[in-house]
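Alright, structures below, take your time with them.
Two complexes are shown next, each including subunit A; its partner changes from subunit B in the first to subunit C in the second.
This part shows the complex of A and B:
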């Protein structure tokens, strides 16, 4: 029993990342009808927003501290971040410590801007081209973004630790009545899961309860009619692209403490997110979220020792296997609608 | 001749001549000149040109004719490589069993994968093939270690069985060296160097074996393109629904096409194993599938010669461009004033050397945006501009199926 709960918890954080990326992919596909292979790169860009912010916060000037000496007996040079000068030493240290959560604020405008520029500058011109062309041009864009990041940040992983308060693990087992130490779960993963849930809820609420969201949903159902009613649907769809980019970016920002960012992390996630989208049903937002969590949990169950002993290698392929089975038995995916991408 | 019309025959002859003379054509700069590092006429790279040419020709039969975008072709390439390696280890060091068996195995695997994947079309097909290829990659790297050698990969060893008699390349190795893959005693690495007035041309046996096989593959591709079968595949690309309405079952045609394409990939994989007897799982990774897509698109999708050009271009960039470093750049621009020199080098530097992928990505995007027909279309546009009135068809253009 405790094993099962542990695996479900383990699946949740990966599942959250899959769900967030798949949600953005589906948003773009549902509104603009574009298959965006660069979405993994947006996830990666989000993660590197964190790295950039931590570099900015780390900018410092050198002062000579007369009271201490280094091993040669000379006065010690101390790096003092500018943040200390502006906010005082205590608050400054806290800001640097809370770099990852702060990056959310930093990443939102950047990611929205990147998304809007991408849509206006490139993807706009591909609405009337075949899906294969859209896949290929965004694939090319993904390569370019990845290489630019590699050029500026190098090919190595760059660690971005979680704030001090969230380091360590939570004894989940003890809290719900199992023996202590049976189910241990890192704090940051709980944070990540909650964050993902809030973000998903926010996106759904935005689409469901605002006028803007209503128009966007109407546009997803019938773009032409909405246009005929005198609404500038293109502009709204552009903004939705920005939002989808921001969702992917935020997923990347918060993922950095779990997995240190490197330039090809986007590609690794992209392949799986596409599988997630297809399993959930092309164009279905709840389907994408559901499939993200289901596949995440499935993956963690398949990595259980007992399962691997039974079926060696299953942990590597379970997601793809599930995708193949679902695509063959339920061709539209778990919650796909009729008439989407059928041709 | 050979069942080809005049234009196709001319194209085939041109390609044959280019393959035969490649060691000379690709070495345009004398050895001692500063430009010598742009020479691509060394055996290793030339072998790669033709092998990836075969891979891309096969991919183009599927994608170019039917419009089905497979993101899993690397699985067949990898499977072919493993199969070829096992033949080299078990049967004989002769490359012929390896090549035949690798093609066969890749055909079987593509039959199984195609059988399932072709139930769906469009993006679903792409995702299914991608899923299968990723599965194959993960399995090859982990569970199938007894067959694939896992992370270390497969190599030929001293004590491989090689059960065939020695005149067929079997038997124990002589002199304690690991035997090199050969064709009836002629080693693949054997080269003949011909120095001519500053140039040095290397004629490599392995390269010519690959080259002949590529010509055969190219010929078969022409025949497929011109056959009623090829016409049927093009009809699938233009409107599959209409095909079904007229009472034609497109599945067998698609499956045959997919298997042919997979066998080309397997053949390429087998040749890779034969030229350089070691193989690892990374050959199956989906980035390798992406690479062949890039090659086909860059060269010109749906054209005969395009994929070969694309494969050559990408491999050239990968091997030559990536070698340029900043000190070399400084050398080239040394004639400029210092400030300007640094400025220009700083601008160019991100695009060459280790950053050549960036150039590749940008080039790829530019091709898709401005030149959907790839290099072949570029050539046609130029030809049209300069040779007005002539309807040049020498590039093997096939009318794009709308």
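This part shows the complex of A and C:
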């Protein structure tokens, strides 16, 4: 039983990441009708916002320490971050320690800007082209973006640890009446799950309860009619693209302590996120979220030793297997609507 | 209807001309002049450096390339000479190889066997490379080694740790300086038994490919011989990034040690997950829970950050070896000095092994007095040397594997700088990690000089 709860918990944080990326993807698909293969790259760019901020916070002046030597036997050059000079050593160290949460503020404007530039600069030229063209151009863009990141940051992973306060894990087992130590769950993953829930709720609230959201939803349902009413729907869709980019970026920012970021992390999530969108139902926001969690949890269960022993290799195919079964029984996906991508 | 004017004489004439035409390229390219593939005839000789310049091991590849450039500089008499001054063989004198200036071409393996073979082939066929070296994966090493065997070229392997490279897939034209999974297991087990006790239960997470299997087997065999029990061994997909669902059940499995048979990004991610799930701080079976990483590299340790603190593993070489192990490991400081001056940071073990391989090849040619691969192979087989940073080393004739001391290292608790990530805990003598050449099967075959 404790193993089952543990794997459900595990699936929740993985599912959170899938859901956040898929949410952005389906938002873009639903509004602009574009299949955006560069969405995984946006997740990766978000993670690298964290790395960039940590580099900025780490900018330092060099002090020569005569008492110690470096690997060549020369006096050791000690780096003193400028933030120590500006805010004092204690506060400076805390700021550096809280790099990941601080990156949220740093990443929002950057990701929105990247999203808007991407949409205005490239993707809008492909609105009326076949989906195959859109896939090719966005996939190409994804490769370019990841190569640019690799050029500047290298191919190795770059650690971006969570703040000291969130290091370690929570004894979930003891809290819910199991044996102590039976279900242990890292604090940061709990934070990630809560963060994802808040972000998802915020996106839904924005679409549901604001006039802007209402217009966007109307545009998703019937773009032409909204246009005929004299509303500049294109501009709103551009903003939606920026918001989708920010959602993916924030998912990436908060993911960095879970897995040290590298240039390739976007691609690792991209394919699964597409499966999530299709399983959830093309263009359906709640579907994307639901499918994200369902597939995340399924993947966790399939990785259990007992399951792998029973069905070797199931851990690598379970998501696709589930996708096939769901699409065979519900061709429009879990919550797909009639008429989307069916013309 | 068309009419053809075909006569018997005409067909014969055309046939002869066509036959002669087809034969021309072979006449010119084949062996009439050369005794072996790419025999250098001018005043220079070209070496082919085949390293991952793109893909997940690009940083390791970049470090290999730096070491190659340094080796070429030293062979041509430039710089401070690096390990040429400490190398026990004095055949090389800084005038290139056999008086020919050393030049090089590079290829990108992309850490994909097919891409690596294509780039090696191009360097051999288009650039006339007389030797191919490099790589950061066993899959690539085995594939390129087989290609070099067919082409009649010497292959000096880069970073490849699978037993197979000089085991079941060994080839007469291929040579490996780097250590292997068996040696890691043999070096680690006694230290683990000493530090963690003989009554331990291990849980293995193993990367689902050739290197993972040989490493798991090596570590299992040697730790079980020490009295450890293996509770479970789970294969993880190579493309896996989040290992939480593999790591989470470990604590309740009855195991008290987790062995991560992972390399590169896999290792960084699985170790990070393991530390996040509190395994480092946990207790199991009344003992502290421990994590072991059989193959360590400094570049990986950098990726994993603080998570490596206190975790044991093995390496082929480390830049602090001479400071810790003494003059026995002469060459290390000379190399670190030379590399550090040029690039501003200490070399990785990938850089060290590739630098050594270049020098060893050049020295073998010099001693053999010929670039002929068969003569070079003969000069390398059974060659005993010292002064290349690992102490006394033997290039065993039976499987073309180097035998030297193996380092057991531990992630530093309080690193003083970004290079100071690993500390050497023990140096296992070569005799303890040696094995019978026949245990991994395979056949060297005979040397191929091509042409």
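The rule is short, and it goes like this: the second predicted complex is superposed on the first by the 327 of 343 C-alpha atoms of A that agree within 3 Å, B and C clash if a C-alpha of one lies under 4 Å from a C-alpha of the other, contacts with A are read in each partner's own complex, and residues count from 1 in each chain.
In this text, a contact is a pair of C-beta atoms (placed from the backbone, for glycine too) under 8 Å apart; a residue touches a chain by one contact, two chains touch by 3 or more.
Every value quoted in this text rests on a predicted model; they were computed, and no experiment measured them.
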| item | value |
| --- | --- |
| Which of subunit B and subunit C A:159 touches, first, second, both or neither | second |
| Partner chain in contact with A:316 - subunit B first, subunit C second, else both or neither | both |
| Partner chain in contact with A:282 - subunit B first, subunit C second, else both or neither | first |
| First, second, both or neither for A:72, with subunit B first and subunit C second | second |
| Which superposed partner A:80 touches (first subunit B, second subunit C, both, neither) | neither |
| On subunit A, the residue positions that both subunit B and subunit C contact, one per complex | 150, 316 |
| Touching residues on subunit A, where the partner in the complex is subunit C | 2-3, 6-7, 10-11, 13-14, 68, 70-72, 76, 150, 154-159, 161, 168-169, 181-182, 184-186, 188-189, 257-260, 262, 264-265, 268, 299-301, 303-305, 308, 315-316 |
| In the complex, subunit A residues that touch subunit B | 35, 122, 125, 130-133, 135-137, 139-144, 146-148, 150-151, 267, 271, 274-275, 278, 282, 312-313, 316-317, 320-321, 323-324, 327-328, 331, 341, 343 |
| Subunit A partner contacts - residues on subunit C that touch it in the complex | 54-59, 232, 234-237, 239, 241-242, 244-246, 248-249, 251-253, 265, 268-269, 272-273, 276-278, 281-282, 299-300, 302-307, 319-320, 336-337, 340-341, 345-346, 416-417, 419-420 |
| In the complex with subunit A, residue positions of subunit B that touch it | 67, 69, 116, 119-124, 126-128, 130-132, 134-135, 138-139, 141-144, 241, 286-287, 290, 293, 297, 350, 355, 357-358, 360-362, 364-365, 368-369, 372 |
